[in-house]
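The structure under discussion appears below in the form of structure tokens.
First chain written, first letter: the chains are A, B, C and D, and each begins at residue 1.
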Amino acid sequence: MLEHQTTTRVIYGDTDNMGQAYYGNYFRWFEIGRNEMFRSQGLAYKSVEERGIYLPVAEAHCKYHAAAQYDDVLVIETRLDTQVRGAVRFEYKIFRESDHTLIATGYTKHACLNGDGKVVRPPDFIKAVIERHRNALR
Amino acid sequence: MLEHQTTTRVIYGDTDNMGQAYYGNYFRWFEIGRNEMFRSQGLAYKSVEERGIYLPVAEAHCKYHAAAQYDDVLVIETRLDTQVRGAVRFEYKIFRESDHTLIATGYTKHACLNGDGKVVRPPDFIKAVIERHRNALR
Amino acid sequence: MLEHQTTTRVIYGDTDNMGQAYYGNYFRWFEIGRNEMFRSQGLAYKSVEERGIYLPVAEAHCKYHAAAQYDDVLVIETRLDTQVRGAVRFEYKIFRESDHTLIATGYTKHACLNGDGKVVRPPDFIKAVIERHRNALR
Amino acid sequence: MLEHQTTTRVIYGDTDNMGQAYYGNYFRWFEIGRNEMFRSQGLAYKSVEERGIYLPVAEAHCKYHAAAQYDDVLVIETRLDTQVRGAVRFEYKIFRESDHTLIATGYTKHACLNGDGKVVRPPDFIKAVIERHRNALR
């Protein structure tokens, strides 16, 4: 397994008038993806904050390949971009579980802030997660 | 004018698969109603918090009379229930602006907390808003 | 097991400025509860619609007992009110999984519409779910 | 006036645990921007759909420059990219109204579909809006 996977189900509250998931809600799924990916590495994002580090989103991008529809189970694949320095970057792929249709791809880039809101370099406990992830990807 | 009115427009992001506004999003509109009602009384809710008082929702209710649809302009009517003691209670009516159809009615009840999260009696600056509102309703 | 249970995790996108889940988002969790409860009875709500029956929310209510916070795993307990005729009514309890704190209670009442948007009596395949649920509760 | 402007106010429901607007909610504001921009050109997006044309989002991007906070009034500036052929592309800038701080920049790219969900070239009534916008920008 090269990438972390988690699933979520599309509810009515995710959909819109066009009968498919609202484009802004995909970013909720990206959040679920990175939350669970971090947790799977033994570091819940909540613990990151408890250590005084915050990772607000600096940039977000999504490409919509096919419509996610009500009641679809979606597979969210998340990987850390291990090449980026001074920031944390996640890449996402979302598939429909039933037929493996590619629904969306995207990324989010996160600044690393301390409790005073100042940009800092990713601390060692974050780098360790990236390192472990890099090794897992090899 | 007996009640405070403000308007909002239904966007795609508010709607769902059934082609109408998602039932949970009406509570966003209730929030807009009470925010603007307080502001119209010279006391933005933000200032309430700056004075160390928080009004988290303790109870929320909505009755859906007709479907709000994409691009509808909604009129949100908000009034304070001036009979309630020890808490703050808002009542809402939502109409479609174009044809005055009643869309929804509801209420929210709010506890009054201090900065430590303890329940307190509504302070004088809140009571003053309620009093002014009561006089305006006469 | 008297009631159907499912879980969901609070994400950043569910929370608000007060550091807890936004009051309107609890209705998303109620939706998850009733969706999974129906599915557990062998009748996904999607299939209900495919048979030409729609259950739009006519009334929704929530009482907030304790704050749901970021990263909490919530247990959503859903039961059908088997006494109601001519409509479908769900009752919900939300607990924090870690310490069993009661977070919220509420209900939703749903009209039963056919494809033309006319109110109809719950068809037999809905009544069968209610009946099975009643027997399970005995 | 080179670009279309509209405003919106950040509500509690837009914010998150970090005390600022949730990153996914900026896409709601982008939607408000393009809706109002089209309306200002005499063509509500609702009318676009009524003529059998749909503009689902194919790609969305946002760069977060500064945090939008509770109760901020945001100015959403929207312009059509008049160079793009075979699709419709909007560019957005969001400013805080009070101090003109740049909050976010981004874009959305939209496919042009007919009622059967087939990709079509933008019809003349869409091209006319783009043309009028191009002339206004000169």
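The rule we apply is simple: contacts are C-beta pairs under 8 Å (C-beta built on N, C-alpha and C of every residue); 3 or more make two chains touch, one makes a residue touch a chain.
Note that the structure is a prediction, hence the values are computed from the model and not measured.
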Inquiry  = Need the most distant chain from subunit A, centre defined as the mean of C-alpha atoms.
reply    = B
Query = Which chain pair shares more contacting C-beta pairs: A-C, or A-D?
reply = A-D
Query = Roughly how many whole angstrom separate the Cα centroids of subunit A and subunit B?
reply = 34
Ask   = Distance-wise, how many Å sit between the C-alpha centres of subunit A and subunit C, to the nearest whole number?
value = 28
Note = Cα centre of subunit A to Cα centre of subunit D, whole Å, reads 24
Shared interface positions of subunit D, touching two or more other chains = 12-13, 18, 24, 27-28, 31, 70
Message = Taking the touch rule as given, give the residues of subunit D at its contact with subunit C in the complex, in rising order.
response = 12-13, 15-19, 22, 24, 70
Ask   = Which part of subunit D faces subunit A closely enough to touch in the complex?
value = 18, 20, 23-28, 31, 54, 56-64, 67, 108
Ask   = Of all residues in subunit D, which touch subunit B in the complex?
value = 9, 11-13, 27-28, 31-32, 35, 44-46, 70-71
